[in-house]
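Across the two complexes that follow, subunit A remains constant while its partner is subunit B and subsequently subunit C.
Right after this comes the complex of A and B.
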């Protein structure tokens, strides 16, 4: 069991290394992809600043607190896409028949597919979010104990699992519908933008939905409540401690749906 | 027990009916109707270790679907498949170690990486011992000339090079069975010959069992003793290639070009095709010899040009496809 795991991880890492080298083949695109995303987020951060300049605070959140919220969401998303971003286009792999090859190799198809791509665009997300995080950390004069840091990393990991779970969920639909990428633009993309602001500005029903159904709130809002010592009119900050378990459960559900879909897989003709 | 056993194998696809227009699209969102298409219907055959079998049929006959069930990609709707004691779709990863697969239409290699990298990665994926890997690379290199393009990214390879690389990649881990789905598609004569030579060698020297689908009958003639022919998902013929030639060997095609646009009526001859003054005539050499036919023709018409096509397996196959008759021969 342990040997199998060790082998899988080793194999994963070398496949990832190959994937990075493949993307380095296109050096210009490689650099632009990273810079593009970093610039994109910086643009959003500036917009926020302009907004806050006239309003001072949104629902009691100052600019640096909002930036913290934003950085946390981008950071976990950045880590997530390293592993899972290409899942959104599983439908393309299925339609043009390239998915077949994941089924004729002595590796589990899920691991194989996961390892097949390592999105360097992630570095752009990480570049921005780490700088933004450091800035916010200093401006808010936070000085965390080890326990706080652990809570932070657990929340980060939970966020990766939640968003990874959603990407896997979306890709699983491709096994039945042979179309999945459109779901990404419907579910994931708007949600990512909504996460930039405190949950409390949204209608109650929606808050409830993204806390208990699609657990987006556990990615950044609830952990930020706890870590920044803020209060929400409806939700207790203690919920912020549960990101990791929520992420694990949610991810497991999505993964099992994916595996179920795999059995349903109908290859394309010829 | 045979190496490959296929028993009453069937595969039906459920295809959602797409309706035309916006209203139709909305309708099918709510309620989907399905049509079922039978790709493979009740096929049975066995293949012994070391055999080289041509699996042929027209487009959409169910060749690829069968191959995909044998390799574990697809789950059969009903029936049994056993490859070397394993049920492919149930034990995909185990099965993957004993088979090699080449899909001529798309590569299994890493598109953006130098060819050598793909081999190195496969070495890790299949846990091939370094010594064996080196030996195999040397042997394959000898016949396939891999060294010419080992450092070129796969996307820049010519079709022939890519196919050579793909076949080598499928054999690196010493599989017992090799599935080749249209390995010579789109290749020139030289490249085709090189690939055939390699396949023959692998089969003879290593005893690798080969199942090959193709549209090029020359592949079959040059490589396979046995041929399995399917059409519309049904088994049409399973037996020796030479037998089928004997049976239909007396059919000939004559292409004549006649002066003027004269209508043609001849006994014992069927007109296959007509393009202006060029006519394709099919006849049975046991009933009328080519010489007799020429005499007859020249008596009635002015012949400008004439060729007799020798018995071509391609013609026989076309004939079989057209007849669509059930011809299952007991081996």
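Right after this comes the complex of A and C.
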């Protein structure tokens, strides 16, 4: 069991290395892909600054606190897309019949599909979010103890698992409906944008949904409450400590759904 | 007149083609409703019960968000920047060049056809319901409605000219990353699509008013909510018209240069 896992991880890493090397062939495109994403997010951060210029705060959140919230979500999203972003286009693989090749190799289809793509755009997400995080950390005059850093990294990992889980869930839908990409644009893309702002501005029903059903609040809002020492009228900041367990449970559920779909899968026969 | 008939045919074709992809329209509308609500709640959170901030009353904001999202929604039915870039990169644009029409004009008519389809099937029903339910501030007289429509149309023309011009830069760049980001950032910030220019820091507001982007959303939106009226509205329409002409001249110039500069990359 352990040897199988070690072998899989080695295989995964070497496939990723090939993918990066292939993308490095086009050096200018490689750099622009990364810078493009970073600029894109910087644009959103500037828009937020302009938005808050006349108001100073949104529901008690100042600009730097908002940037912290934003950076946390982009950081975990950036880590997430390294592994899972292409899961959303599983429908294309199924429709073209190219998914079948993942089934006939001596490696688990899930792992093989996961390793089949590596989007260097992820580095752009990381570039922006790390700079934004450092800026916010500095401007908010934070100085965390080792424990706080651990809580931060646990939340980050939890966020990766939650978003990865949703991508895998969306992907699994393709096994039954042969559609997944459009679900991504309807569910995940707007949801990610909604969470750039404090959850407390939205109606109660939505807050509940985004906390307990689609656990988006555990990616950035609840951990930020705890780490910045802020209060929410409804939710305790202590919830922010539970990102990792929530992420693990949620990811497991989504993964088992994907594996169930895989068993159900029949080639489109094209 | 005959030429106009020919171009109109492209609008008709685009209209029918959009009708074949109804599911896409549906998903787009769903996503747009989410964004609409997001921005309504953001403004609610920003005002936090205050009636007025920097002289702007809270009552105008839901209306501003509604009309702004409606126009953005409509614009998204046109040919996006990346598609133009793709056309240049793949060389498909060469086929357009040997055909007996002016490509920028042809594209404009196609996009107007797509937008018209989108307007009839998605935007009109959705926003009629929203206007009925929320009763936002809206034009009261027929004249204001007409001014708004004219301004919205001019705004789209500015956007179309700029988007195509930016897309044609691909002829000189070969690799286009970055151009897209500059374009979308400018359109989203300086146009007032999300944050109206009233809330900008003074220096940034001044800059935004010197750029063509405010004509895309900020001017039609302001007419819609009744902030711009009478002679000021008329002056804004002329300003928009000026930008339409200027950007169209720029587009024609870039197009002309582009036709002279075809790089064949492999086969």
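We adopt the following convention: the second predicted complex is superposed on the first by the 267 of 270 C-alpha atoms of A that agree within 3 Å, B and C clash if a C-alpha of one lies under 4 Å from a C-alpha of the other, contacts with A are read in each partner's own complex, and residues count from 1 in each chain.
Going forward, contacts are C-beta pairs under 8 Å (C-beta built on N, C-alpha and C of every residue); 3 or more make two chains touch, one makes a residue touch a chain.
Since the model is a prediction, treat every value here as computed from it, not as a measurement.
Of the two partner chains placed by superposition, only subunit C is touched by A:43; subunit B is not. Looking at the shared chain after the overlay, A:100 reaches subunit B, while subunit C stays out of its contact range.
Looking at the shared chain after the overlay, A:263 reaches subunit B, while subunit C stays out of its contact range.
Of the two partner chains placed around the shared chain by superposition, neither subunit B nor subunit C is touched by A:2.
Once chain A of one complex is fitted onto chain A of the other, the partner contacts of A:11 are limited to subunit B, with no touch recorded for subunit C.
Contacts of A:186 after superposition: subunit C is touched, whereas subunit B is not reached. Using the contact criterion defined above for the overlaid structures, shared-chain residue A:21 touches subunit B, although it does not reach subunit C. According to the touch criterion, the shared surface of subunit A, contacted by subunit B in one complex and subunit C in the other, consists of residues 26. Subunit A meets subunit B in the complex at residues 7, 10-11, 14-15, 18, 21-23, 25-26, 96-98, 100-101, 103-109, 263, 265-267, 269-270.
Per the touch definition, subunit C reaches subunit A in the complex via residues 23-24, 27, 30-31, 34-35, 38, 41-42, 44-48, 53-54, 175, 177-178, 180-182, 184-185, 188-189, 194-195, 198-201, 204.
Considering their complex, residues 26, 28-29, 32-33, 35-36, 39-40, 43, 46-47, 50-55, 58-59, 182, 185-186, 189-191, 193-194, 197-198, 200-203 of subunit A touch subunit C. Those residues of subunit B that touch subunit A in the complex are listed here as 13, 59-60, 64-65, 68, 71-75, 92-94, 96-97, 99, 101, 103, 105-106, 108, 110-113, 117, 121, 124-127, 153.
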